[in-house]
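You will see two complexes here that share chain A, one where it goes with chain B and one where it goes with chain C.
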Partner chain A sequence: MSVVAQRILRAACIRLLAAAAVVLLAGLAGATLVRFAPGFGTDERELDSRLSSESISALRAHNARDANVLVFYARYLGGITHGDFGMSRTFPQPISQLVKERAPATIRNIGYGLAMAWSLALALTLTATAAQKPAADIVFSAAAGALISLPATVIGLLAVIARKPASFAIAAALFPLLYRYARNVVQSEWERPWIMAARARGIGKARTLLRHVLCASAPQLLALAGVSLNMAFGAALPVEVIADSPGIGQLAWQAALGRDLPLLVTVTGIVAAITLLGNAAATLAQQALQPEQA
Partner chain B sequence: MIRAARLRVACALSVLCLLAPLRSFAQGELRFCLHADPKTFNPLMVDDDASEAVRYLTGGTLVRLNRRSQQLEPELATRWKTSSDGRRIEFTLREAVRFSDGSPFGAEDVAFTMRSLMDPALHSPLGDSFRSGPGEPQIEVTGSNHIAITFPAPVAGLDKLFDEVAILSAQSPLKERAVLGPFVLADYKPGLFVYLKRNPNYWKKDSAGRPLPYLDSVRLDVQQNREIELTRFRRGEIQLINAIDGEYFDRLQAQSPAEAFDAGPSFDSEEMWFNQSPSAPLPSWKLGWFRSTEFRQAISSAINRQDMSRLVFNNHASPAAGPVSPANRFWFNSRLKPHSYDPAAALRLLRQAGFRVDAGVLHDSGGHAVEFSIVTNSGNKARERMAAMIQQDLGAIGIKVSIVTLDFPSLIERMTRSFNYEACLLGLVNTGLDPNAQMNVWLSSGENHQWNPAQKTPATPWEGEIDRLMRAQASATDPSRRKQFFDRVQEIAWEQQPFIYLVHKNALSAVARNVQGADPVVLSPQTYWQIERMKISNERAAN
Partner chain C sequence: MKRARLFAVVALALVYAVALGARFLAPADYAFQFREAPNAPPSVRFLLGTDELGRDRLSRVFVAAQTSLLLAPAAAALSTLLAALIGATAGYIGGWWEKLTMAGVDLFLSLPWLFLLLTVRAVLPLDTTPALSVMLTFAILGCLGWAASARVICAGVRQLRNSGFVLNARALGCSPARLLAVQLGPNIKPVLWAQFLVSIPVFVLAEANLSMLGLGVAEPLPSLGGMMRELENFSDLGSQLWRLAPLALLFACITAFQLFSSSREVQA
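The block that comes next holds the complex of A and B.
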């Protein structure tokens, strides 16, 4: 095994351990926040005038069983070791089943959203860089600026009105961020002396861009790719709620409204894990492409 | 050989031709929205609108309340008889009825259902409705199609309670998935839809002897956003909307008047109340205002209910006098009129109680400026606008009101645990016709006696009087006697204003033009209570 490969493997192991620790801490922090949120342990059914005092007391006792957050978290982690994430309070179903049923919608939304956003951002970046015309820059930047000023919820609502899927809204929310960053990275590479020298020697624009500028920008763009996964997940949460797309985002929203402790802790863990894995994958890819900087 | 084959083909074709007319009545798929996922498919544990919709569509009951006439009609029971003391009910059951999985229906199934329902560990709201006294009911199966149930104490409106009891199979391995209603649960994707298929063993037939229901299936899409629901209705993707918002209703009516239905005042009411709980962390002078009958009456008179109905609900609401809406024909007390808007009378009452207005600000006898906050649930536009109107109306008599909107769990915590609020604006959803469904609201010991819950002894003489009247109506069996008792409860509530009733919203709904057989009413389920006789025609629903 080469020195570089060993270094990457070591870095991967360290990151994996750190990620596990962060996910556990994020879960505990999430559980604590939910536990001390106003309205924890309440249930709309308490307002049902048909319920007897005994039934309301039983309902309250049942909902108060997770009042001690440390005991809850220890029990929750114990359950996880057996593959049991517990039962949701909002939906009377096992959490693992809920996540399994909802994950495909979110993966689809994020996958298509990322693909659309990256395709558009890269296409416009390359066009603007190749053109080197202020007009192109102004038009593309204005479009990105307009979209970046809109909250993801508004973009989601516009997508619903336009009968576009949730992935479209996620793409619209991501595109301006990706475009602005990618454009800066590619433009700065384009202005490097060795690129100018290559152009001076008569290498075509397209070849310079695709073979040299893009390759030189790859490490930073890969880092952006990792971050964009997190951004896409962040955008998916409100968009899925607005667009009524039955994914993890909608599940998280309903869990928050219902103060569903086990479900929220699980979703927090998933978000933390995805964030860390996205970042770790980007860093490792960067190290693989630029071993001398690692 | 060839002749035999031809004969078989001819026979098969003949059978198909004979079945074709019957089959042609099983028409299409009806679609409408649930606003949340059902919390349970166990019909005995239903406590939310979505689960209630599934229960109504799939559950078979012994009797059914006709939502138009508000009278009970026979279903799985052909006859029933309630004893004069209101403790015992006997049912004669329909014969040759089968559950959706083919298992036979009989008295043992009813006994099994009632035993499950009355299990104290179940804590079912429906079961609690039957629990009028300590002890368990005696269930006697006196024949394959005859059953008698004796309760330990009289249960007022006993027969009507069975409208909600969906009978479970005692034998079927499918448990609650074996049903006796017109549809059977075929698929459920959380967050997406509930899919119901026609029950092939449904017992009911139309007047021409054709099997019901006419529809092949019902798809209930889970859709929380009411705006999207309306958009989908306009596109023809769904055919019904229950309890549509007034603003959306007007938009729909402007575009397609034939599809918008206003059935008049619903059973639901919107009301506000002041926190009178001794556990409330409020200054003593504020508790003093809230406990003053004159103060509550003055607030009631200072609120313009007509304007509220007109401006907040676009005239799709009417001023409320009490807990019972005029839609509830039997229990409504027609002698009571809503408190009229009269700021001068309000000020007179306040002066009588020792308040005075200085420089446009109302002060109590101790010199404290009168100001309080109203909490309500966030996300309910109508309620937020109602609170704003109350703020404006009370400002005119020198009272400063601030509005606090909270999400529902936080609001429940304040109402039931910390009592950290001054006034609350909420709506009461009346699911049943009978006042017994409101026992926990009116009894001073009730957890839902919102202005001062779970009292050990009644805090005021009039609350003691309400306790007495509510118990008397619950134990009486003569409907007119019960009505007298409950009329008096309504009168005391009107005089004392523990709840300041504001409006009864109208029951607004939307039914697509291509739906036949719908007859929207005020009682839930407004639009599909005749689901088994509803059909979808080929006419395009979308505008």
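The block that comes next holds the complex of A and C.
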């Protein structure tokens, strides 16, 4: 195995460990919140007058298993390794089942949203760079500036009014951020001496842009791709609430309103792990493209 | 760029003057309900009409501007201070400490901050007063928004640490504290100022998002985001455009902040 491959593998291991640490910390935070939440260790069945004193004692003995904090942590983390995140307080369902039910909608929203935002941002970036006319840049920048000045909730509301799906609103919220960064990166590459030399030798604009400028900008755009996953989750939360899309973002909001801390912490931990893995993948791809910086 | 910046400065000065004098300029108390006039259209008595509880919308917009636009800079100052402490220390010490701090910053930047914000906000007690809720909302924003600025400040201090004048000061026996305060501090000021300005619109938008989701500033205290919850009932929005006043103000302020901060960044 080459030295560069070894470095990339080492970086991948570090990133995976970081993601695992975040999940572990989120699990511990969740366990702490559950352990010290009001009503912990009590069971509403104890109020059932039909139960005998022996049955109530048995219930209490069952609940007393978690009185020791360390035992409780061990049991909670053991549950996480089996995909058991405990029960939601807002919804009478296991948290893992809730996440499984809601994940497809969010994956769809974020997937389509990212695809649309990236396509539009790259298309406008390449158009503005190829045109090299202030008018095009002003129009695209003004559109991006207008969208960036609106909260994601309002963009979600506009999408609802226009009868567009939630993914459309996520794309509209992401586009200005992606366009601004991509435009700066591509423009700075366009002004490099070797690009000027290529153009001076008569290579067409389209070929220069697609084969030289885009390739040179790829590492920075890949880094942005990693960050854009995090931004997409940030935009998905308010948009899913406003657009009434039953995804992870809406679930987190319902958990926050119902002060369902175990559910909220679990969802946050899962989203954090996904974004960390996304960032790790982007960094590794970036290092593979630029082995000298690995 | 100069003209755009001038326009932004004038617009922001005007809005901040109104926000500072909101309690004196407001025609009515922001929480007072004119129960005989709920959902009233604009008139001489109510220039922007009233909301569904009969509260004067113009008075509420003034106070909302005060809440959102005065506390966002406070949160930005808090986050810039945290970023300066963490970033400058890491940049100045360098070595493994800088690597460790920047790894922590990277990790923090990778976290879904809106989800974190919801979690922290949900932990707060239910019986918080509106004034306390607004303080806590912006304090949380300030405490969670330092990471991106810390990275920039760290890079700036690292660059200065290796510069000739700092090496010269070190060689003359300048203490680390004095070096940070007298040599590095003034030189890093433009970076801090740029980070502070960039953070303000981010926090205004974050508060607007949180309040529109019902997790920001508690009623009856108005904030720009809280007032925009009226827009969720959009069926008759076309005939009641005055309900868009808080959104228009927010949009204008964020645009002005962007114009101002981008030109400051260019200068820095």
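In this section, the second predicted complex is superposed on the first by the 244 of 294 C-alpha atoms of A that agree within 3 Å, B and C clash if a C-alpha of one lies under 4 Å from a C-alpha of the other, contacts with A are read in each partner's own complex, and residues count from 1 in each chain.
Criterion: a residue touches a chain if its C-beta (ideal position, glycine included) is under 8 Å from a C-beta of that chain, and two chains touch if they have at least 3 such contacts.
In this text the structure is predicted, and so the values were computed from the model without any measurement.
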Could you say whether A:50 touches chain B, chain C, both of them, or neither, answering first, second, both or neither? first
Which of the two partners, first being chain B and second being chain C, lies in contact with A:83: first, second, both, or neither? neither
For A:272, decide between first (touching chain B), second (touching chain C), both and neither. second
Identify the partner contact of A:98: answer first if only chain B is touched, second if only chain C is, both if each is, neither if none is. first
Touch test for A:150: chain B only (first), chain C only (second), both, or neither? second
Applying the document's definition of touch, where does A:193 land relative to chain B and chain C: first, second, both, or neither? neither
Answer with first, second, both or neither: which of chain B and chain C does A:250 touch in the superposed model? first
One more residue to check, A:202. First (chain B), second (chain C), both or neither? neither
Under the stated touch criterion, which partner chain does A:58 make contact with: chain B (first), chain C (second), both, or neither? first
Chain B/chain C common contact set on chain A: 160-161, 242, 257, 259
Over in the complex, which chain B residues touch chain A? Could you list them? 37, 39-40, 47-48, 120, 123-126, 128-129, 131, 189-192, 222-225, 228, 231, 406-413, 415-417, 428, 431-432, 437-441, 445-448, 454
Listed in rising order, the residues of chain C that touch chain A in the complex are 103, 106-107, 109-116, 118-119, 121-123, 126, 201, 205, 208-209, 212-215, 225, 228, 231-232, 234, 237, 247, 250-251, 254-255, 258
Would you pull the chain A residues touching chain C in the complex into a rising list? 18, 22, 33, 145-146, 148-154, 157, 160-161, 227, 230, 233-234, 237-238, 241-242, 252-253, 255-257, 259, 261, 264-265, 267-268, 271-272, 275-276, 279
Within the complex, chain B is touched by chain A residues 37-56, 58-59, 91-93, 98, 101-102, 105, 160-161, 242, 244, 246-247, 250-251, 257-259
